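Letters A, B, C, D and E name the chains as they come in the text, with residue numbers starting at 1 for each one.
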Amino acid sequence: MSAKTIVLEVKNLSMNFGGLRALSDVDLDILQGEIVALIGPNGAGKTTCFNCITGIYDPTEGDILLRSPQGKGVRLNGLKPNQVTELGMARTFQNIRLFPSMTVLENVMLGTHCRTKSGILGAILRDRKTREEEVRVVNKSYELLKLVGLDHHVNDLASNLPYGAQRRLEIARALATDPFLLLLDEPAAGMNPNETIALEQLVMRIRDELDMSILLIEHDMKMVMSISDRVHVLEYGQKIAEGTPAEVGANPQVIKAYLGEEAVDA
Amino acid sequence: MEYFLELFFGGLTRGSIYALIALGYTMVYGIIELINFAHGEIYMIGAFTGLIVAGVLTAMGFPALAILAVALVVAVVYCSAYGYTMEKIAYKPLRGANRLSPLISAIGMSIFLQNYVLLAQTPNFLPFPNLIGEFEFMEDYAHILGSANLVIILVTAAAMVALTLFIKYTRMGRAMRATAQNRKMAMLLGVNVDAVISLTFIIGSSLAAIGGVLIACHTGQINITIGFIAGIKAFTAAVLGGVGSIPGAMLGALVLGFTESFATGYISSDYEDVFAFGLLVLILIFRPSGLLGKAPTQKV
Amino acid sequence: KIGVAGAHSGDLASYGLPAVNAAKLVAEKVNAQGGVNGMMVEVQAEDDQCKPEMATNAATKLVSDKATVIIGHICSGATKAALPIYKAANLVVMSPSATNPPLTKSGEFPNFFRTIATDDEQGPALAAFAANKLNLKKVAIIHDKGDYGKGVAEFCKAAMEKAGKVKVVLFEGIGADQVDYAAVIQKIKQAGAEGVVYGGYHPGASKLISQMRKKKIAIPFLTDEGVQGPDFLKLAGNDAEGAYATGLIDVSGNAMYKAAAEAHQKAFGTAETGLFFAQAYAATQSLLNAIDKAKSTKYEDIMKALHTETADTCLGKIKFNAQGDAQAEGVGFSVYQVKNGKWELNK
Amino acid sequence: MLELKNVNAHYGAIQALRDVSIRIDQGEIITLIGANGAGKTTTLMAICGIVPPSSGTITFEGKAIQGQPPDRIVPLGISQVPEGRLIFPELTVIENLNMGAFLRDDKPEIKRDMDYIFDLFPVLAERGTQRGGTLSGGEQQMLAISRALMSRPRLLLLDEPSLGLAPLVIRQIFEIIVKINKERGTTIFLVEQNANLALKTAHRGYVMEVGRITMSDSAQNLLADEGVKKAYLGLT
Amino acid sequence: MEGFKKSLLACIWFMFLTFPLVVIRVDTAEKTVQWRWMHMLWVGLGAFLLSYVWRFMLKRKAMGRSATNPDGTPVVPFLQRLSANPPLARSIMAVIAIGALVFPWLFSTYQTNIMISAMIYIVLGLGLNIVVGLSGQLVLGYAAFYAAGAYSYALLNHHFGLGFWTALPLGAGAAALCGIILGIPVLRLRGDYLAIVTLGFGEIVRLVLENWNEFSMGPSGVSGISRPGLFSVELSVDGATTYIYYLMIGLVALTIFVINRLKNSRIGRAWLALREDEIACVAMGVDRMKTKLTAFALGATWAGMAGVVFAAKTTFINPASFTFMESAMILAIVVLGGMGSILGVSLAALLILLLPEYLRAFSEYRMLLFGATMVLFMVFRPQGLVSSERQRYEFKETKESQG
């Protein structure tokens, strides 16, 4: 993995909600195979940044460029979320958004939607191609569930899972879309320290085994510090710092705005 | 110009009639997100109650104005009671169920109430006495605006203002808004949610009762089916204005009334309902939450 | 066995129930005299709520239950839907109230008869009356968008245009369930109409005339047989005064009708026989008469008897023409006017 | 002050609480920790009457409150910051706060409490007329806590107040919890995933597993307990 | 004792409630008043007794939620158990199939006719189920698609003498087109706004059919529509009825087959996901527009086919058959059946259609009872007859043992 390509490049991103400027002139880049953390106080605009990148919001200004590891670059502005996903970027949500009355496996299977083709006729006739595709989808989904450790829950309804498991299911669902860039919005929220450690390991495995780049929003500093290669810090919609975890952790502005004085040991 | 004015007031009357019913619709929708198809039936029951009161009092020889007052009061009392009971029987046990279940329950309730009145009274059309005598000062304008129309317009406007103030400034009004947005949290803050919902039905039904009596005075006849079409139109009006919004219901109803009136006047009444519904579709395509409705704030 | 089909429930029940009563009364009377050809007459009522799909169900039910002849249906639409079933089953059908012209005139249903005059006689009658008696030059024709009302209105319009004496300045449909007619009334005024012809039923007619009178528009109001009845007077009250309507020829003078009304009084506690009672009564009478004369309940025999024999009924002596329409002194229209809260024959 | 005795609760066929007994004394900060789905939220909902217990007793200041509707329980002086915040999305921040004072009539005092809150959380003052639904996650949590304080509760129930908050804010919030407890004497019942911080703040703690209370001790003892360490503190 | 007090209260309350409407009857023209005190007595008595039943049922419903067998496993309702037990289900299905096949030979044409209507409603219910139950779009104007199908056949037959079999795909196509036309503009709408727009659309279609004489023959409708012929053999009414009956059985079977397959396919999952959470669904790469439109078009197609058969069966149609009430009834079928469940929807269609037909015995009370049944059914079984079950991936087990 030498000569790392930039998979995502965000330039001068700004987003206004009515009079409120939630993001102003944010620059962001992620290299192939990196784990980048995006941190900042509540309301700094992290989630908004995700929403702009994934096409849920249409940014007021700025450019978003996605470049696949194969080197194909696409400007994302103005694309619909499903188009963005098709290009190879997937996300999870801060407030879990599963399909509650579908089973765990079906949730993951839905993720494969944009990578499969069978249509209505195929579904009705169930020809060989459709059947094969279906088997592929089921197997792949099952593998992903195994990866996140939910293989004992395949037939449970998503809504019946415990909170932490739901977060992991969201990750599996996102992975099912075959992304090369994964966006995680506070994956450790609501998890106890033990679960958080397991999650850290999961994220690392995803990066290593699936060869993925990851952009992560997280408030759990222990997690951020231990797994990210680089950290970007937002405050009031502006980037105030960028660097390795150690650099950022020592940055007085970041300490003042976000971490607080005795942050690092908390 | 005169023709335009005449059509204008025709539209205003129609709009006010729709508004009076639409207000009740929109309130109930606002709080439990239920399209209460039986609301039109409450309106119909209001008209029938009014007729019965009028019949009894006429037989006893009361003057028209007194009859109107008593009829309104009794209709309000009874419609409130029906609204309250209906909520307890058909909707309350369904809280927390699938959103469509209460809708079907409401359709069932509508069929039930219609046939209940049919059996208890009659399937025929009945004449409704005009309890609102012609005002003298209106004499010269009678060709534009009848006094019953004037009363309807004024009452509707008053009802809207009163309701808006009530919801905005009273404690119960605040409780209603809170309940509408998050029932569980409202409970956690000490709001008696059951009472709030009951009250909503009572207020909505009272408005329907007033509407029933006044509109019957205007049309001069009632029958068990009047609730259905009025209900559909009123609901259309409520959605047009932004369902859940009180000024919206009023505005939507007026827009609907004017559309129908002018479409009839300048084009043809053959298609007046087509124009009404066509307008609805158009407006919702360009303003998906209705004229005054707020787009739901969805933070992802 | 006589099948009686029509609207027996729902909001149109008041049109259908009198026919059931009539059939029952005739049956009682005939049975008391020993029946027809020695057979007792039995009445089976089936409800169709005036809905076509219900009508086909009712019709198949009657066919399955082996009815000999059918009285009904009440509404033209329902009749249209049901007739093919009866035709295929070789059953004679006689409606006391379905006035839609093509039912007989299209020749499609030789098995269909009726004891009521058709809509296409009503429209021209109204047109002639407006032109010759009232001397109107411009009229507005309004209808309720329904099958019946629109039909009458269209026949009237056609007749006026053909005669050329009256100009139709406005021809529009209004919803009978609409709360307010202000706009269309303004339009009538704007068009300068000297009279209004309304095709439809009494609820719409009374609403329209009341609101017109309230707006101080006092031009003549002509309407059809669907309105001409006590209900219109009740609903419109004083506003009904002076309105004209075509109506079925009054048979209350007929001795047989008087007896029927008396029997009705005895059986149902009121002399108010209801709509189409006389027609249904006469229909039952003519059917039984035909069976009696044919001495058979076979389709061909009854058909033949109906076309050749004359029956003595409460509508007078009835004979059916080749198409199946009744010819009798009591079948047809005359024009009535409201005077002092009563319909009076306008001579 | 509050006592739960052998409380059981069900969601349909699922039993969420099994013989839960908890005691909270006046002026204490008590914490309840446990894994996901242990039944912590259910315990709080049972206290407030949203999920009526199927058996057992709950007494608040000597009064049995189990089986009563929430609108009878809440006015006794209990207030909850629920899981998921449950902000009224269409109401502005100020209206949300006013809803917190729903049961109160003393206008000037409400005003004072409002100022007090804006003092605690200046962001909220800034966003006073913004609709609640558009606030960021952390802002919503602050609003939820503030809304609960607006009713001047004697017992404050907090369900995972640190969820989704920046480290600085978490510390602030725990400081505020202690402050409210000290200054106003408000008794606090704290449900937390962040067991470490919760136990450092609280006087006593309970541990819950699959609907049962499995441990109860002083906060220090729990912090030192090997089992607790292993299960909840993530220290190996 | 407590119960007695409650019932007494209910009794008094309902006597009060029904007092003016049930007891008094006035005639304002004649100025007469009629008092019917006996009715009050009946109401009171009825309310008293029914309130016992009501409370009993509510208690049972509450109990039912936590009902467990002695061994602690939750009680599984019979119908659910049925679907979990393929051999049993298969044998029951076989019995039903045989019953359905011999039906016309055992019963009169009348009964067969009713069964045809019921099956038309099954198809309509299942078709609407695609839109409402699976993809979660509340449509209140479904009758418009039904009308599109019926009128396609009626008019094509009337003007060009087109036969049934030619018209069937054309009618389906016309309805699907309507579905897409309606679908495109309303894609932006959600929930009840969508509902009201579709209601408006349904009314527009009906009103146009009613007023546009030149096109649709207006309120008098189209009559003399030919019944389907069997290889150009003219059939008698009985014969045609039987024929249509079998045709409908085929159509129902086809519908069930297709929907069953769609339900657990890639498209079906996308529909479900769209219903559950639109934003998440789109973010997972599902094209909202395409998915919604397929649901609309497919749902409409089935309505169109049902419409063609309906026109062929009654041989006469007019706009009165396609009112809002019709749409509401079809929706009721979907909800009563349990959204998304094929078995449930079929049962509910039979119930909704056969109930009024067999309630004829209660003559004037039947619509009252019908309305009450709808309410009670929803109150005591809000999830519908059969709650829809998700496909379990059985072959997982083998996978697990392998891996």
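Convention: contacts are C-beta pairs under 8 Å (C-beta built on N, C-alpha and C of every residue); 3 or more make two chains touch, one makes a residue touch a chain.
What you see is a predicted model; the values in this text were computed from it and never measured.
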| item | value |
| --- | --- |
| For chain B and chain C, chains touching each | E |
| Topological distance between chain B and chain E, in contact steps | 1 |
| A-D against A-E, pair bridged by the larger set of C-beta contacts | A-E |
| Chain ID, smallest distance between chain and overall C-alpha centroids | E |
| Distance between chain centroids, defined by C-alpha means - chain C, chain D (Å) | 75 |
| Centre-of-Cα separation between chain B and chain A, whole angstrom | 49 |
| CA centroid of chain C to CA centroid of chain E, Å | 36 |
| Multi-partner residues of chain B (at least 2 other chains) | 118, 126-127, 270, 273, 298-300 |
| Multi-chain contact residues (two or more partners), chain E | 29, 211, 279, 364, 367 |
| Residue numbers of chain D (touch at least two other chains) | 134-135 |
| Residues on chain D engaged by chain A in the complex (per definition of touch) | 33, 35-37, 84, 123, 130, 134-139, 141-142, 160, 163-171, 193-197, 231-235 |
| Touching residues on chain E, where the partner in the complex is chain C | 29, 108-114, 117, 210-211, 218-221, 223-224, 236-238, 241, 310, 313-318, 320-321, 357, 360, 363-364, 366-367 |
| Footprint of chain A on chain E - complex, ascending | 257-258, 261-262, 265-270, 272-273, 276-277, 279-288, 294, 298, 390-393, 395-396, 399-400, 403 |
| Touching residues (chain side chain B, partner chain C) in the complex | 3, 6-7, 9-11, 13-14, 17, 118, 123-127, 142-143, 146, 215, 218-221, 223-226, 229-230, 260-262, 264-265, 268-270, 272-273 |
| Residue ranges of chain D touching chain B (in the complex, touch as defined) | 48-50, 69-71, 74-75, 79-80, 82, 86-91, 95, 98-100, 102-103, 131, 133-135, 147, 151 |
